[in-house]
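Next come two complexes built around chain A: one with chain B, the other with chain C.
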Partner chain A sequence: MAEEKKEELIGVEFFSKIPYNWSMGPYVGTVFTEMKENKRIWGIRCPNCKKLLFPPEAMCGYCFTEFTHDNWEEIGDEGTVVQFTKAGMPIFDIRKGTFAFSERPLANIQFDTGPYIMHWLEEKDMEKLHLGMRVKAVWREQGRGRGYEDIMYFRAIEEKK
Partner chain B sequence: MANRVAIVGVGRSTQAARRPEVNDAEMINEAVRAALEDAQIDIKKVQAVLTNSIDGFDNFYLGDCLLVDGSGAYMKSGMKLHTGGTVGSTGAIAAFNMVASGMFDIVLTIGHQKQERGNSMGTLCAAAPGEVREYVQGAIGAFAQAAVEYMQNTDAKLEHAAMVRLKADKNACRNPYAHLRLGLKSIEDVAKSPILIWPLRLLDFCPQSCGAAALIVASEKVAKKISKKPVWVADHETVHELQSEVVFGGAEEKSQQIAARHIYKRNGITNPAKDIDCFEVYEPSSWEEMYLYEHFFITEHNTGWKLIEKGMTELEGPIPVNPSGGVLATNAIGATAMLRIGEAALQIRGDAGEHQCTKDIKTTLSSGLGGTNWTTLVLLKRSL
Partner chain C sequence: MTTTPMKPTTPVIFSGHMVYTHKFEAGRTGSRFLRELRDGKKIMGLKCPNCNKVHVPPRSTCKECFSQLDKWVEVGSEGKLLTYTVLRVPRDAEKDVLKRQLPVAYGIIKLDGADTGFVHMLGEIDLDNIKIGMRVKAVFREDERTGNILDINYFKPVSKSRKR
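Moving on, here comes the complex of A and B:
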């Protein structure tokens, strides 16, 4: 009796590195430089629909107006927490290409001027966090010119009266 | 739509965490053959083939080139689409449009993803390094934050998310094409699962699956000739948002509500909970399903959790949502949004098998969801 032919299941493993060099464009480039050198956050105010855009690009996503460098406006670095969470699992770090645990909570913060930023919170105790809490950016002493990295985290500040 | 369009065939492959026994072309071929058999047509009758998946999520690229043998596209018209999480529905909508234009009578559209490879969280984080998304922690972080917001703004507790998860599993256990069929018995079973990103537990979030889905879409003339139970595409809608906005959560009306308002208005739907018999929604997390109840106006703002508490959205309930087990049970991303449409079509035909809803389903709404919160909606009907 002929032996039954066994299926061969072969998986070929390989690893490919994908190097990125992301062109940020002149507007985000200006934002990053301003963050590094002056510890300030800038956005673009659309001259047509008046929306404040962050991060800004060369055009308005809402009304398609083309911007010029006359449209810059300071966003400020204070805001309100609108969403937050904390990872219980290792999170992928795009800069290093590895997974790592983060001890800091992550928050969606709305700047007082309107736009949002996703960033870390200084306060690690989840019990002390709540929606609507007021926060301010804590800047790195020596900026790296890599935008969001120049802010370490957001620190709780006194609530607005 | 210019001409009437019907779904005449639905195909699903085996859906599992790993599919080492097949390659990509073989995996999609399972769904294609099932769809052709369901439509009772030969591949020769198909005039155009669309393949749809998210490049990079499973380290698979050039699907339009590499899948021709499995998709049956050899010497046929067609294209590949790639829109993110919505891609399965975008692929279906493109097929609807191709047939509605009058240029094609039969189009095959396929959604697929083989997620045993690759790192979809890394791919998401890399979508725009240096911009807002790099801190997103993939999709899980975004939906975790939205869940915290929901918990703080409503009386919903962790138990309500667990109820959504229990419902999903109960339904998935009746669906042989679901990936996770866990046999969960109680809220405690869900509570035991570890926290991924607070407050999302492992079971509160969709799995990574390998699988494919396929639809055969036909013109009115052909559909009436070849199919006893064509399911008619009444309408569809797609709405996009900007990258820089906070996209998931309930603070503002976003693409989900706007898409729903558009499609309801065009189709005279004034009370979705009554006018639509069954929903197949794209719910990446159990919390998001409660949001979707509200965003599609099935219930009022901040009351979605009450629907699950009262069992309204169970398969036997008055407003069944995801009788297939949904995305919480099965998530081969490129296939996911297409499965929502295919499963809804089977409900209308009465061919869903063990997970067929108790009540008669004549009208369904299927949704697709993708970063940056694109919403797709497809309204299906038994008769137009």
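Moving on, here comes the complex of A and C:
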């Protein structure tokens, strides 16, 4: 038995896609609707600890104050790049359920009002990017009502003096 | 710092996809079956020494008498259609895993020399004219066989002239 040539065992690999529907709830839902219809980004200012939260939830994550719809505050669509990177491997596209290389760098952007957002940058050349650069959201003409997807990418704007 | 009240929106539904990666380990018996398919375009079965039934696709234990099976036999690539169904409702499986266009017909085929049914797709066939009992023949992939059940592309009807 020991002399017997080791036999080749076969494993068959495949993918399966599982579709889902995710209800965004009253707070994130409001943000998404406003992004789609008015191209504005909103957060909630906690009435107790005064932190501006984006994306908002039903309750403050810092002091557990329950929110109402009375404390919305506009965040604006300009900010500063805090981190950026370009993925060297295919990224999963939740919309299509496929993996694809992204041509744009991904950045962590801090809005002027404080909150952060993770989004694409327009500039594809990594050499031209630097930390602290000023960016502004470029909106899709026809919003999809899918939140962050209504912003195409962030475009570099003039530095603040 | 000016906060304003806003009306909550109507519900927003976000639709997306999750992807699961699967790996199906064929095991010793299944691996040999797939290897023969890949390397020699042969469809192999296992014959039960006790009840003489030939199992295609092969299994290590006879489903009739629980004997251990190790006698490999080659069965024909032609066979008789036992039953079929036509799938017209799209599923992700056909598109992503099997890479087929809808509608697609599935058949259970009793290959010549086998005693069990073998499930596969039917191709080069008029979907309205599939008949139970018709003779079908395996069409193998010619480009690159990978040791997958899809190394058989589909089963096509055997043309009438060749049929007896």
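The definition used in the following text is that the second predicted complex is superposed on the first by the 144 of 161 C-alpha atoms of A that agree within 3 Å, B and C clash if a C-alpha of one lies under 4 Å from a C-alpha of the other, contacts with A are read in each partner's own complex, and residues count from 1 in each chain.
Basically, a residue touches a chain if its C-beta (ideal position, glycine included) is under 8 Å from a C-beta of that chain, and two chains touch if they have at least 3 such contacts.
Only a predicted model underlies this, so the values are computations on that prediction, with no experimental measurement involved.
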Practice prompt. Could you say whether A:Met118 touches chain B, chain C, both of them, or neither, answering first, second, both or neither?
Written response: first
Discussion item. According to the stated criteria, A:Leu131 is in contact with first (chain B), second (chain C), both, or neither; which is it?
Written reply: first
Worksheet item: Between chain B (first) and chain C (second), which, if any, makes contact with A:Lys5: first, second, both or neither?
Response: neither
Item to complete: With the two complexes superposed on chain A, say which partner A:His69 touches: chain B (first), chain C (second), both, or neither.
Response: second
Discussion item. With both complexes superposed on chain A, which partner does A:Gly145 reach: first (chain B), second (chain C), both or neither?
Written reply: second
Practice prompt. Could you tell me if A:Ile91 is touching chain B, chain C, both of them or neither one (first, second, both, neither)?
Written response: first
Discussion item. With both complexes superposed on chain A, which partner does A:Val28 reach: first (chain B), second (chain C), both or neither?
Written reply: both
Item to complete: Name the residues of chain A shared by its contacts with chain B and its contacts with chain C.
Response: 7, 9, 11, 16, 18, 20, 22, 24, 28, 32, 92, 94-95, 97, 146-147
Fill in: Residues of chain A defined as touching chain B within the complex
7, 9, 11, 16, 18, 20, 22, 24, 28, 32, 53-55, 61-62, 82-89, 91-92, 94-95, 97, 106-108, 110, 115-120, 126, 130-131, 146-148
Worksheet item: Any idea which chain C residues touch chain A in the complex?
Response: 1-28, 30-32, 34-35, 92-93, 96-97, 147-149
Worksheet item: Any idea which chain B residues touch chain A in the complex?
Response: 20-21, 59, 119, 121-122, 125-126, 128-138, 140-141, 144-149, 152-153, 194-200, 242-246, 249, 251
Fill in: Of all residues in chain A, those that touch chain C in their complex
7-30, 32-34, 42, 45, 47, 50, 69-73, 92, 94-99, 145-147
